Amino acid sequence: MVDRRRIQGPEVSVAPIIIKSADKRTCLKDEHSRRRDGRNLEDICPIFLKTGLISQANGSAFIEIRRTKIACGVYGPRQTKIPSFSGKGNLNVEIKFAPFSCQKRRQPYRDAQEKDLSQLVIEALVPSIRLDLLPKSTIDIYITVLENDGTASCLAAAITCASVAVADAGIEMLDLVPASSASYIGGEIYMDSDLAEEQHETGYLILSYMPSLKEVTHILQSGDVDLALTTQAFEQCTDACSKIYSVMINSLLLPIRDTQ
Amino acid sequence: MVKNSLAFEAETFRKIQPQEYLRRFIQGNIRPDGRSLSQFRPTTVNQSCITTTNGSSMVRIGNTTVVCGIKAEVATPKFNSPLEGYLVPNIDLSPICSPKFKPGPPGELAQVLSENLNNLLKSASVLDLTSLCIKEGIAVWVLYIDLVCVNYDGNIYDASVIGMITALTNVKLPEATFEESSGLVKATEELSVTLKLQRIPYSVTVALFDGQHLLVDPTEVEESITSEQITIVFDEVGQLCSIWKVGGLPSSPEHLKQCMNIARERYKQISMIVKSSI
Amino acid sequence: MAPVLISALEADYILKGIDDNLRADGRGRLDYREVILETGLITQAHGSARCRLGEGTDVLVGVKVDIGTVDIDGTEEEVATVKAKRGRVVCNVECSPIASQQFAGRGADDINNELTQMMSRVLNGPQGGLNLEKLCIIPGKACWIVYIDALVLDYAGNIVDTMFMTTRAALFNTQVPKAIIHDLGDGEVEFDLSEDVEEWERIEGWEHVPISVTLNKIGSRHIVDATPLEELTTEAKLHVMVNRNGKICGIQKSGSGSIEHSLLSEMVQVHIFVI
Amino acid sequence: MFVRTQRDNFESKVVTPGQVITADTQYMRGHGTYLNEEESSHISSVAGVVERVNKLITVRPLHTRYTGNIGDLVIGRITEVTNKRWKVDINSRQDAVLLLSAINLPGGVQRRKTEADELQMRKFFAEGDLLAAEFQGSFNDGSTSLHTRNLKYGKLRNGSLIVVPPALVQRCKTHFHTLSCGVDVTLGLNGYIWVSKHSSKNLDELDPEAIYSNDNEPVDRSTRETIARVCNCINALSRHFMCITDTIIAYAYEASLKYPVKDLLKLEAMEFVTTEVRHKLSVVRSIY
Amino acid sequence: MPNLTKYVTPGRRLCFSEGVTAGPGVYERGEYLYASVVGVVQELAPTTEGEPRVVTVTREKVHSAVPDVGSIITGKVIRMTTKEAVVSIMVVGNMPCKDDFQGIIRSQDVRATEKDKVKIYNSFRLGDIVRAEVISLGDARSYYLSTAKNELGVIYAQSVAGAVMIPISWQEMQCTKTKTMEPRKCAKPDIPLPEK
Amino acid sequence: MASRKRPPSKIRTISIEPNYVNRDGSALFKFGDSAVVCSVNGPTEVKLRDEKVDKATIDVIFKPLVGLPGTKDKTHEYIIRSTVESVIKSNLYPRTLIQIVCQVMMDDGNILATAINATTYALMNAGVEMKDIAVAVACIVNKDGNILIDPELREIEKAQSYHTFAFSKTSFGLLFCESTGLFTEEQYFECYAICKIAAQEIIDKIRMKIQLDLT
């Protein structure tokens, strides 16, 4: 699609095929089930989460898990543009992958996958935000993925980061919404899988959860899995969410504690 | 502990009377964020922070934050210049960085900035395009330089130029071979080539207020109030690469001279910051 | 014409009805409406099916099979070779404005996108059931691409379940022309299609294609196969995709409410009971 | 019903658009007909049944949106709240208008409309609320105006809504019926039918404060089942395009007792119920 | 007694709900009270004796306010018609909102006395800064505002000559430079911002 | 170095044709073979969305000679608007729109300066009140360091650096300047002086044209 509003490169350009030398064939876990980065199967990665990154926004947050880096800005509550009167507030999310964030260069304009992911984040966050206190106004959440290390763990990180940004914006919420992801590889559950593991997975599960109210706000699973494995994956994801929950609380309270 | 009411008076006053608000500060020879007129905001640069790119950098000038990522792809060269690769710079001012920008295709400011970045690369011939050639007439490298603004607090052009140049310096192009049989270009990860830049330009932007005060490195608040901006680009040997003065009241050559001196000092500071960030 | 608004009183009436297992149209919480399924309606398509749920929701699915090239650029070497030996499935869902006023013009865009993404997420990949390797004619060069186009003709609630049922029926009905491979000696391989119809065969693995069960959570209970009014009172919907041998092929929640943890596992068990 | 005189032979003839009805010029033209220029004969513009009242010829289409006349009872759903009025969807060409001055205010009839009422319109009717109202007349721009200035009109509770083609609902003296099986049916002439639990209280006991409250009375299981059965019967009748009156619904209800409620959704069950009703009707008509 | 670890985040369970009511920043669910904002937990003694204790969480993060029925707003008149003046709301209570909301002052809401004899162009001019009270959520596009109280009305206006004007009576303002009088519905001066 | 028929500090023959299009004000401005038509519409009704309470909204549309408008033309629009905005007394026309459309007719280099001069003349032709008028002129420094005024296309391609200046008539202050390429400070101020003289020449040409039209 010729986009006249940007500097134009050549019409067609294709990414080179990357030849991986033989020895670097990825073997996902060694004999005593340690993963390449030393974690075992059910551990999640350490999370770096910081608020107040964007001075212009009402609330903002930046999250870094392994190599996934996501920035999120919350604007609002502000006047709704939609013509119909709505007693409840409206939530609008826009996820944008930076062109350089994935293996293959992404088109700068929003494509179908980004629209779908935005819809998933809306459904994950709406139950936790008290929209009935903000009639006729809209909360805009803009998420930019700077680096994507596995789409499932990236979406989970985006939900966690957006929830912290909304709390940072001072908007009334029922609870924070940590989200975690798991991959099914060879009948086993790999928590928080990265890009290499994701290429060998037969299925994945993303779960966003409100730990203190014990309610699941969103669940997305694909892949050929039997019931027992699914329920075990639920348990592991909810435990992971509780761990992430404490990181979120610290990130929100840190700036207050050291100003006091 | 909500902010005391005096701070609120200022906020309301700024919304109602912006010019007057800034004039009060300038008369006291200080700026709303506490800096003196010729003081730059703290600038930090860190390099190759994004692994899915061939070269990347993140630049923070005060609150303004720009992330630059370069991805290399392969394309057929233009007919009349079979040896030359492509450099495609684009800046994306998405709604995340400021409430000013609306979602959708790039707005006017983003297009003007992209055009200026493109002109700077071409006219100052920062990189010899023939060094991007894989197979003459058949396959050349295309470097997509994408700048994402994460936080817009004024003076975005300076941050973009520093980001772009630093990212270009740490680009690692994989060793590419053109396979006759499959017509595909295969690249191996191990041996990689770095680019040799012919020139390292850095830009400095100064805002002109009421026709006589020179505000260095303006923030978003100052940018929206003052209408004139002078941008001067120097390279490492002190040669001028571009001057860009837009809009507002007519200014005299003395202003330009002052700005050039400020720009020369600032150039040394920037190159020191970049060297220390490698 | 599907109502867009519902009054608090109707919602309360429905809520109470579901509590004591008797819905507005007499069905219990886990009762499905009568399903009328016909296959092989469209001659030009390689396979088609139409399904009506009660006298409301009506979905028509057409399947066309085409020869396409395999796209492997830009991925790692290793993944590229695996992809080279596979055909692929392309889905597209369309809610036509005749179904209801709200689908006219741009109204249907995000619903279409959501349904299309849901379908391709389930059908593309091992859990889709189809044997994609069989769809490859010449590895790396040419393969079959299965285009699935679903059209919603009438909207009376529970589109997702009807859509998956009709797709599975259409795939059952699909006949793929036989490709005859000629080896031209120096590694160059050529193929052409046989014309006579008897030789056409079904897509292998159609019986493993999953169908979906949509559970609507209203109050603290959950119901199956909701009518439009019930869908307006639903806080959260859980789509559970299941295939023949009871394996879960996908779970997706939509809607703006949240589901208690305990209720969640109970809802997931329900699908076995319904199948 | 209409006075039927057997004089001309075009009575109750089904016509299609463009078909000549009669060349006799002494008749007046009503809805659905037009006069062509040359031979001045009446041509029908709609596919439907020809009806003649004294000198007036009209063609009543089979399936059309509701065109109201004054005094009709209609059921509507609030679509929009604007200053001093509500927009109501009554399955007609345009949304009807319900003025703030045209409703009963809580606290009895005498209360005058105050400034506060204007601002808190949503306390009376909010978006999506269902109400029974009377067709008051139409404004000059063609949009219809409703009023609920009567205790039997107002918000509808404890039941569910069935939509049928408006042509099927016959106009009769009262549209509020209580069926033998103890269920209230409100037949809206615009095809919206409300089936609800029988409200034991008669009109004047209704306390004026609660007429706009938003909570239902408790409904026990058997009443709920009868309501569901009646809804399914009405659905069956409308699917076979039979006109709907309270007597016909009662016949259908008895016929449907053979099936459990949820089987009434099946096509053959509907078939059985409607043939049963048609048979009973013909028996009744032969007695007259 | 709620465990007074000072700082809480949304969703933090504070205490049982009997004997305690939820103040701002706190919500009740099941038989517990939960925090709904990031901030400091405080327990205020009830104003009247009989009432149960009130638990509140004072918000740490200043968030841009949303106009609500009864809140006092400051805004700029951006458009005028014969029946109403359109105001772009910039500050709600004393919290500035990042994006302006839109409000309408109808002619019958300008003042409390002789509502129907109000001439809107004698009450407001384009560019005036007014303080008004939100009386209703209004329709999809704008809130309904009223200046029918003494401390509401024009608080800052520029005269035709461009100088700042000072209010002399509730319906007139005088230009400091040219001393000409211009009709306005002014707010009673030097009343500190009423705490909302 | 291509043979340049005219001496280095001489600008090409200027020709101005007012009322080229029957709009409120329009003018064709030519520097030798570079020609731009500018038509001004205003002050007229403005869309509610971009209405400004106390001054006129100025909207510039720049149409290139060939192809669809791209980022280069958007930059020209931005430059012309900011230059002209500071010159027009826009607070005399609150809540109105002044629309300026520039169409390149012939392109032989130095398009931006031609467009600015065409806009200035079209605004005067439309009777829009202005504090000052903007006059633009461009020059290049070629490979061996001497400065050529009002360059043609082939000279620009081989130039070492390319400078465009827009002066205000009364104070000769610098309204706009864009310089690209490699040049030193001395060369820059030398170009500045030469262009200033050339600008005076253009102003006299414009004043003479106006007298011609009015008599």
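Each chain carries a letter (A, B, C, D, E and F) given by its place in the written order, and its residues are counted from 1.
Just so we're on the same page, a contact is a pair of C-beta atoms (placed from the backbone, for glycine too) under 8 Å apart; a residue touches a chain by one contact, two chains touch by 3 or more.
Per UniProt, the chains are A, F = Ribosomal protein S5 domain 2-type protein; B = Ribosomal RNA-processing protein 43; C = Ribosomal RNA-processing protein 42; E = S1 motif domain-containing protein.
Remember, it's a predicted structure, so these values are computed and weren't measured experimentally.
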Longest centre-to-centre distance from chain C, chain (CA-based): F
Comparing the two chain pairs, does A-F have more C-beta contacts than A-B, or is it the other way round? A-B
What whole-number Å value describes the gap between the mean CA coordinates of chain C and chain E? 51
Can you compute the centre-to-centre distance for chain C and chain D, using the mean CA position of each chain? Integer Å is fine. 39
Per the centroid of Cα atoms for each chain, what is the distance between chain D and chain E, given in Å? 47
Could you tell me which residues belong to chain B and also touch two or more other chains? 99, 111, 114-115, 118, 184
For chain F, jot down the residues that touch at least 2 other chains. 71, 74
Can you pull out the residues of chain C that are in contact with at least two other chains? 73
If you look only at chain F, which of its residues touch chain E in the complex? 53-54
Which residues of chain E touch chain A in the complex? 7, 9-13, 25, 27, 29, 34, 36-38, 59-64, 66, 97-102, 137, 139-141, 143
Could you please specify the touching residues of chain E with respect to chain F in the complex? 78, 126-127
Per the contact definition, I'd like the list of chain F residues that touch chain B in the complex. 71-72, 74-75, 77-79, 82-83, 85-86, 132, 161-162, 167-168, 171-185, 188-189, 192
Touch list for chain B against partner chain A, complex: 49-53, 56, 63, 65, 67, 69-76, 78, 86, 88-90, 92, 94-99, 103, 105-106, 110-111, 114-115, 118, 142, 144, 146, 148, 150-153, 174, 176, 184-190, 220
